[in-house]
Amino acid sequence: MTLLALDRLTVRRGDCPVVDGVTLDIAGGELVGLIGPNGAGKTTLLRGALGLLPAAGFSSLAALPAAARARHAAWLPQNREIAWPVTVRDLVALGRIAHGAPDPDHPAVDRALAEMGLVPLAGRRATELSGGEQARALIARALAQEAPLVIADEPVAGLDPAAQIATMQVFGGLARSGRGILVSMHDLGLAARHCTRILVLHRGRLVADGAPADVLAPALLAAVFGIRAHLEQAADGLVVQPVALAEAP
Amino acid sequence: MILALAAQAAGAEGPAVPAHPARVVSINLCTDQLAMLLAAPGQLVSVTWLAGDPAFSAMADHAGAYLANGGRAEEVFALHPDLVLADIWSPPDTVSMLTRLGIPVVQFPPGESMADIRANIIRMGEVLGTADRAAAMAAAFDARLAGLVRLAPPPGARPRAATWAANAYASGPRSLTGAILDAAGFANVAGELGIEYGGTLPLEALVWAQPDIVITAESAPGASRAEDVLRHPALAGLRVEAGLADADWTCGTPFVLDAVARLAAFRAKPGP
Amino acid sequence: MRQPLLLGLLAGLVAALFVASLAVGPAGIGLRGSLAALVAGGDGPAPLILREIRLPRALLGLLIGAGLGLSGAALQGFLRNPLAEPGLIGVSSSAALGAVVAIYSGASAAFALALPVFALAGALLGVLAILALAGAAARTLTLILAGVAVSALAAALTSLVLNLSSNPYAAGEIVFWMMGSLADRSMLHVAIAAPFILAGGIALLTLGRGLDALTLGEDAAASLGIGLAAMRLRLVLGIAAVVGAATAVAGAVGFVGLVVPHLLRSATGARPARLLWASALGGAAVVLAADVATRVIAPERDLKLGVLTALVGAPFFLHLIRKTAREAA
């Protein structure tokens, strides 16, 4: 089932297109990694798709009324803001705002807390947690929203390796449960290992879209990222380790 | 130079006051009025601009005959006075500046009682060299005051009055306004409540005290929040008379007796 | 603490302080006598004092306190900054400027509603200036600096209007406008302020869900279906109505919107929506208590209400600045 459809989505800043004619579909069950160098337009693409920025072209999500959009897609911005020292349970309950009031006793909140392993932390102040725990709490908030599509902007940035892997495994599990997941990220190794599909954005254009092993080829890594990487097809998946800058052509 | 400064710093006497000053400048509204009353023709050169404002001055009509000053040392000096008249509360910097410039300054205490007013009249006559005129004026003042006081009821039979001005300010018995009230034959409610000179008399305390009459100032020009309280609905049950013009009670001059007479008329006339 | 229990306790406190406000005054009427005079009337000055002097004062304390506490909580929630407060960011000073223009131009004498309307317009300009200068996700330093600039300008213009007034008492009234007082207000003042404070307060109370969502930041709140533009409009108008009307009749009473949400934040689990109701009650309690205190401490001195709130509030402000600086470091 298609959860997000973009057709020639274009976001301009002044006259300059930051996202330029992106067309794609995302279905339930997919964990889609959006990669690209800094300034490629990843965040702008995600926000444009969500209807948080004025955009030309079509986004099936942006076309929905705000209330319906909130029940269809959960959005995790990169900055992981938690403005007030609310408890983890109350923080997770904020996801229920998409359905009305933030009821901390709603079963969806309990499910989200359990799914993210946060039950022991439910009564703690969210602002006092570690960065990794906060990231989990915010993902739980998105789960409590019970939206079929989850879009996250660099959800693993700034986390330690264990928290990064755990987070990607959570997204993998959500995808296997039928949700569609779209995450932007910089870590090519994590993207290659955990995503079912990779989108490459370069100067606002979608330049590659496919399975990690097909997309992450030496020519693309050199052309888009300017790097050379060690690529190895291990038994349990692709290993990508950037090792040097690409030689100038 | 250094010696001169040292002499001044030691508080040496100021410039000598001439026996018959020829060019007199007044820099205070109250000395303005006493000087206008007592100066010989041509002797008084300038009074403050306030003296020409009928809202504050009982002699606004006369002030036009003199140059108006703003009370600043520089403009006063430019008038080349041989005597400056000021209040003891006049800005000390102005007074000391004039003294340093060699101009004698005579400072009068504010008249806060009938006796003060009388003393100020006599002193103004001495300073201006018009003592005879002052003595006559003081005698007339005494006579008129005595006449007014004779009409006043004895203590115990007096109606209770409160003067009440903007910001709920009430005047106590030891103020000029209190003296006017007393001469007009009223008991002062502010005094009952422990206000000696003057101070805030909360609306609630005023209403609770149930004075026979509340005497307020006439409305000042323009609007102000301070005067809101004079129109408060809680005053509805009291007799409120806008009986005192600022011009009458701002300064201790013989004109306060006009205010006494006007207030005495409220006593005679029944309330609304 | 459970929300109903907290609100119940606060409401009880407000009720007690409201009764205290009715019972305390220079006329020694006593609690029983006061209530009897208020309800049953009768002869003598007591019913007049209760109905025309103390009742409007207590009602204004209740309304203004609730409005200021609520405004502080709403503004802090919206800007996600515990230092946001109508007084500190210059909204109260701007409202005072509007009120002063209304009074000294003679507009309010011609038309009683001109007073709250001008003050509301002043407050509106103040809020808009702050949002324009500091932005919606204001950093503390930017917010406070913008507040200093707006307050300074508004205070200077207020002083100018008062100095230019033909009325001799005007120049001395700057103290009232900067410090605020409930002394000797009448039912007329209740009548002109109450509709604006109630309407503004209701507008602010409807922001709870949006303010909760903003805990996650603007982008996340928008993705949860919160219309930020509509919310901002309601906030700005609500604050302007409440602070404008409150300042028009009582002057600028500072720090209530800072101290009250700060004291109640942990008791409400830091949830902005819960803090709205609690801060409204807490603000009413604080202003009623401060106003009773002005009458007890120096009944003959016309002690200004804002002096007491500032004496309590300023140390809180310093404490919060230190805390914010530590957290930023």
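By written order: A, B and C. Residues from 1 in each chain.
Keep in mind that, in the parts below, contacts are C-beta pairs under 8 Å (C-beta built on N, C-alpha and C of every residue); 3 or more make two chains touch, one makes a residue touch a chain.
Quick caveat: nothing in here was measured; it's all calculated off a predicted structure.
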Chains in simultaneous contact with chain A and chain C: none
Most remote chain, CA-based centroid, reference being chain B: A
Intercentroid distance (Cα basis), chain C paired with chain A, Å: 43
Centre-of-Cα separation between chain C and chain B, whole angstrom: 42
Gap in Å, rounded to a whole number, between the CA centres of chain B and chain A: 82
In the complex with chain A, residue positions of chain C that touch it: 80, 209, 212-217, 219-220, 222-227, 265-266, 269-273
Chain B partner contacts - residues on chain C that touch it in the complex: 25-27, 29, 45-46, 48-49, 52-54, 103-104, 106, 108-109, 165-170, 172-173, 176, 183-184, 186-188, 299-302
Chain A residues touching chain C - in the complex, by the definition given at the top: 47, 50, 52, 66-67, 69-71, 73-77, 79, 81-87, 90-91, 94-95, 97-98, 101-102, 125, 138, 141, 145
Chain C contact footprint on chain B (complex, rising order): 55, 166-168, 195, 199-205, 207-208, 210, 220-229, 232-234, 236-237, 246
